[in-house]
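Next come two complexes built around chain A: one with chain B, the other with chain C.
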Partner chain A sequence: MKKKSQKLTIFLFLLPALLLFVGLLISPIIMSIYYSLFEWNGMNSEMNFIGLGNYSEMFSSDLIRFGNALKNSLILAALSVFLQLPFSLALALALGKKIKGERFFLSVYFMPVLISTVVIGQLWLKIYNPDYGIINSALRGLGLLGEKDSILWLGDKDLALGAVFVPTLWQYVGYHMLLLYAGVKSVSPELREAAKLDGATEGQVNRYVVIPSIKPIIKVSVIFAVTGSLKSYDLIYVLTNGGPLQATEVPSTIMIKQLFLSNRYGLGSAMAVMLIALCFFFAILIGFIFKERDIYGKK
Partner chain B sequence: MKRILAVLLVLAMVFSLAACSKEEDKPASNSGNTTNNSSNEGVVSDETATLKLWDIAVPGDGNRPAYDASLKELKVMFPNVTIEEDCTENEAYKPKIKAAVANNEVPDIFFTWAGAFLGDFANAGKVYCLDEELKKYVGNELPESMLGNSTYNGKHYGVPTTMNVVGLFANLDILAQVGYTKIPETKEELFDCCDKLVAKGIIPFGCSGKENWCVTEYLEPIIEKTIGATELNDIFRNGKTWNNAGIATAVDTLQQMIDKGYFDPNGIALGNEEVKANFMAGKYAFYQNGTWNCGDFSDPSKVSFNVTVGEWPVMDASKSSMGQLIGGPSDTIAVSANAPKVAAQFAVEFGRLICHYGYLAGSGLPAWTPYGDTSAVSQLVQTVAGICNKANGYVLFGDNAMSAEDADKYLNYVAKVYGKEIDGAGFVAGLTSELR
Partner chain C sequence: MERNDKMDAKVSDDALKVDLSKYTVKKTNKGLKVAIFIGLIMWALINLFPIYWMFTFSLKTNAEIFGENTVGLPREWKWENYNNALFGKTARRIPGIDYSDEDNKPFELPKLIRYFLNSLFITVTTILISLIAALMATYAMTRIKWKLSGAMNALFMLGLTIPIHASLLPVYFTMSKLGVLDTYTSLIIPYSAFSLSMSILICSGFMEDIPKELDEAACIDGCGPWKIFFKVIVPLMKPAVATIGIYTFLQCWNELMFANQFITKGDKKTLPVGIQQLSGQYLTEWGPIGAGLVIATFPTLIVYIFLSKRIQDSFIAGAVKG
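Moving on to the complex of A and B:
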């Protein structure tokens, strides 16, 4: 009887959180899945059931080019994992060695994370400006570009994607650095000292002691980097809004256009569902990869 | 210590509750909650209400002075109405207002574009029918013709403010350098003028490729002056096929101009404000955009050269003529279907005043009959008025005329034209197959 009452108490205490979780997280996903099966403009009560028609159109339409947007996001995710994170890790390891001005550098590298994305977008728009932007001006100053020539960093479809990724990666280096720095700092100094007494160099200490110790944090950083890349929107919206010629489209920019410019709520919802599914898939995949390494990956 | 802490917490709670009860005494912000007060002389309504207003008149926008002056005057006409204004930049506003309408969070009063944009809201029953509130003005202060773009199934759902057309703005000081004293009126003259400008190292046109609507400001007049206003109107609004050889020719003409170096190659990477700033700095000879820019271009503190405005030259004289324009009364004020009556009254007066002050400030032609002293209206606006007086055909902006889905596809193809991913034939074939 007492056990039953305890369970009821636990349930009652958990109920508000459960209701919030279901109401704010689960039900919108379920609603999105439901809407994705309809052709609906989001305003009228008329909803035409089309089954998986929206999913099929998403990948087959030459005008929407969702597959291209997905490819762009995956490139961004790969760059995040293989460029941004190693750089962040290097910074975290360097700062974790109690160097002079540690707090100052920590603040400097973290600063872009605190600045509004719109402000960062405007800043990089100026940097990339073909007429007076600092990059083109520097190239002209160095004689690498003619006086009247310009490189269209955001206007050339072959360059725009890379140009958009630079500030995206730059902005979050500090974020990952801070996560990893916290991990580096939590590694026991005794472990480091023991390794050094065994004759390990600084690099070997990092490689064989520090990095394996902070693997759970690296895993979290990888999950954030990949899912963040899939969800990227704001900076791309400010810099190019998906242009030129859809060269910098990512799933979120296309989704917003379909939802709120084309009034295609069904199709937009299908894209939202696809994004959620991909984020879950990659989070699970990354978790699986890191789990495998924990068991068999030790040398 | 614990007692002191407890007393402090109790006091904090009491003050919080007191603050909450004060909050309740304020006028309700719920749009449906209005109360009657005693009437005052000279006021349109003395109802008490707090109304949400959404618009695109951000600080620095050409329409901002007209909005400020109108809201100031409306405080006298509606003394108990409190306005909570939310301004959003043009491009960001479109998804914002659509999301609000879709989620039944329509602001009480909001700016919108007429045509299919407002039509979607009206057909979904999300906006207030303004027939009763407009009745006293229609036919006298507000010509019936100005309501055509915001009338659906015979009912009026919007208050037109200013009327704008696409204008070809020209830097006369630059044109003088190549022997032109006025804007060319034929294709041959235009190409000759541009060839001379390019030979002198001057860029004839600036056009933002980052904002697709800016490309339509060039493409639509070229199409109109190639196939004629009636034909284009039938395609935009009456479902006539896009499979028209003249459209392909017009697109090819635009691309020919790009190839000949008539357009700033950097334009594809720039936003409209940057391109406009370049024109104002004297970088281009021409800038084609809406006549709402007249206010900025008339301001000697912003533009230091002689500027004039005209219309796009005739491309095919057998099908088109001068006087065929792109534009019309599109800027509109609408009211949420759930808003109180006072919001509808407020919106009508607001639209009328924006028109008045906007006309005086040079942000467009009046959709309403002008009143008061209009002698200060700028020369550019008067020139636009002269062009409109002689107009023999109007075609509403393409993205306003089409349904949201079609407009998005259309703008997608327009971007491909400017980026030279498709030619005229590709444009026609694509739109013929894609648009409903």
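Moving on to the complex of A and C:
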């Protein structure tokens, strides 16, 4: 009798969370996988089973160019891992050794993370503005750009991708820095002292003591950088929405267009499933790489 | 600390006559230190400048922004820009269009105050729902002993890594079938679900710190699980409430993908969508756009100024455990 009532209590306590979780996170994934197997062009239209047709169309179609979008987001991921992270790590290491104004710098660097991406996007639209933006104005002031000339940072198909990546990378430097900083701070001072007594320079302490001990956090940062790049949407939507000539298209912008502009529900769902699969794949892959390289045999 | 170690080294040296040079701590290059400091200041300026620029151009006229005074403080503080952005007072007319023609009506200007209040309502309701659900679930998983509590917790933690992209279409259909698209509900429910995993994670951290003896004492006094939950646990969870509130606030306040698709008609739009609309309609008039950006940003920044440490800690906790 008592056992039964306890089961009921547990169930009732879990009920609200379970309803939300299963209803809005778990079952939608299953439904998306199901939808992705159909050719389906509207809420009331017929669903035709086409197996993996959507998945092959996604990569083969010259109009949709999902592969191109995926390539763009992988470039972003690479930049993020090989430029943004090392830079964030350098900041974290610099801040980690009781520098003057440590709290101030930390708080300022983290600030862009908290500001809405729409605001950041709108702000950078103004910064990049061909006629009045501060970048072109500064270039004119320095004489690098003629008075009447202007660079279309977001309108030129060769420049746009780079121009879109700059604010994306800039905004999240603070996030990675904060995580890595927390790691650097958790390295025991005794360990640093010992290394210094053995004659290690600051650089060597960082290289041989601090970085190896914060490997788990670096792993988390790398996973966030890569999955975040794959999922990126807001800033690109605000800045270019994939244009010009699909130059800045990423998987999410294509997915939203297929779902809500073209009403290609099957194809859009296939893209959503693909994105999830890729995120999990990369998370597992990165975990594996870090495990292999860890010379200490610990997690 | 450092001095202590040095002294130890010296003592052992005297006693054992070891080569002293092996034990000198290398001083960091002074020049390098200064260079690092200057670098840190530069990066701080790069982070602060766009925000400073946004504040100043929100108070300027186009003439100032576009030439005379691009980066300085505004000469004439044009608070009117805020009035326009918030209440959409000035009628917007495009040159070259004949407004005496009945068919050409001036734009209906977005009133950000409305979107601001919408966002506020959606955010606060989401925080409440996800908080209550998380507190209850965490209580069941950490304070009551049962076989599958660990597995259940692992299931909830999956939510930290699942991208919300897959939810977009199925949830859109569900909301459409329930007839709640273009209402607050269509965003509050998904937002609550998406912030749930993080809320549970934060809750468990705090709840595990509450001694089990408290529950036992209450139990002996004849309290049932519900009474223990409400009278003992919930009052002790205040710090968790603050952390969860901040985290959820940031998620909802800035969300764009769902807000953009689920509320397309009427006046229930959220602030990020409203900002997009505002900049679309003011096009070349930067002042009111800047004002809109500031309006969307300042609640976050004010909270951040007062709670920066706690906000940073909640992000660290989320990442390290997730």
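Heads up, the rule we're going with is that the second predicted complex is superposed on the first by the 266 of 299 C-alpha atoms of A that agree within 3 Å, B and C clash if a C-alpha of one lies under 4 Å from a C-alpha of the other, contacts with A are read in each partner's own complex, and residues count from 1 in each chain.
Here is the rule we use: contacts are C-beta pairs under 8 Å (C-beta built on N, C-alpha and C of every residue); 3 or more make two chains touch, one makes a residue touch a chain.
The shown structure was predicted, so the numbers you read here are calculated from the model rather than taken from an experiment.
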Joint occupancy of chain A by chain B and chain C, clash or fit: clash
First, second, both or neither for A:Gly155, with chain B first and chain C second: first
Which of chain B and chain C A:Ile256 touches, first, second, both or neither: both
Touched partner set for A:Tyr265, first chain B, second chain C, both or neither: both
Greater chain A contact set [chain C / chain B]: C
Contacts of A:Gly42 with chain B and chain C, given as first, second, both or neither: first
Touching partner for A:Leu91 - first (chain B), second (chain C), both, neither: second
Touched partner set for A:Gly199, first chain B, second chain C, both or neither: second
Touching partner for A:Asn68 - first (chain B), second (chain C), both, neither: neither
Contacts of A:Ser213 with chain B and chain C, given as first, second, both or neither: neither
Shared chain A contacts, counted only where both chain B and chain C touch the same residue: 43, 131, 256, 259-260, 265
Residues of chain C defined as touching chain A within the complex: 1-2, 5, 9, 22-26, 28, 36-37, 39-40, 43-44, 46-48, 50-51, 53-54, 57, 65-67, 70-71, 129-130, 132-134, 136-137, 139-141, 144, 146, 152, 155-156, 159, 161-163, 165-171, 173-174, 176, 189-190, 192-194, 196-197, 200, 225-226, 229, 250, 253-254, 256-257, 260-261, 271-272, 275-276, 279, 286, 289-290, 293, 296-297, 300-301, 304, 308, 311-312, 315-316, 319-320, 322
Contact set on chain A toward chain B in their complex: 41-44, 63, 128-131, 150, 152-157, 240-241, 243-246, 256-265
Chain A - residues contacting chain C, complex: 6-7, 9-10, 13-18, 20-21, 23-25, 27-29, 31-32, 35, 43, 91, 94-95, 99-101, 104-120, 122-127, 131-132, 134, 137, 170, 174-175, 178-179, 182, 189, 193, 196-202, 217, 220, 224, 227, 230-231, 233-234, 237-238, 252, 255-256, 259-260, 265, 268-269, 272-273, 275-276, 279-280, 283
Contact footprint of chain A on chain B as seen in their complex: 91, 94-96, 98-99, 101-102, 120-121, 123-124, 126, 209-210, 265-270, 274, 278, 403-405, 407-409, 412, 415-416, 419, 421, 434
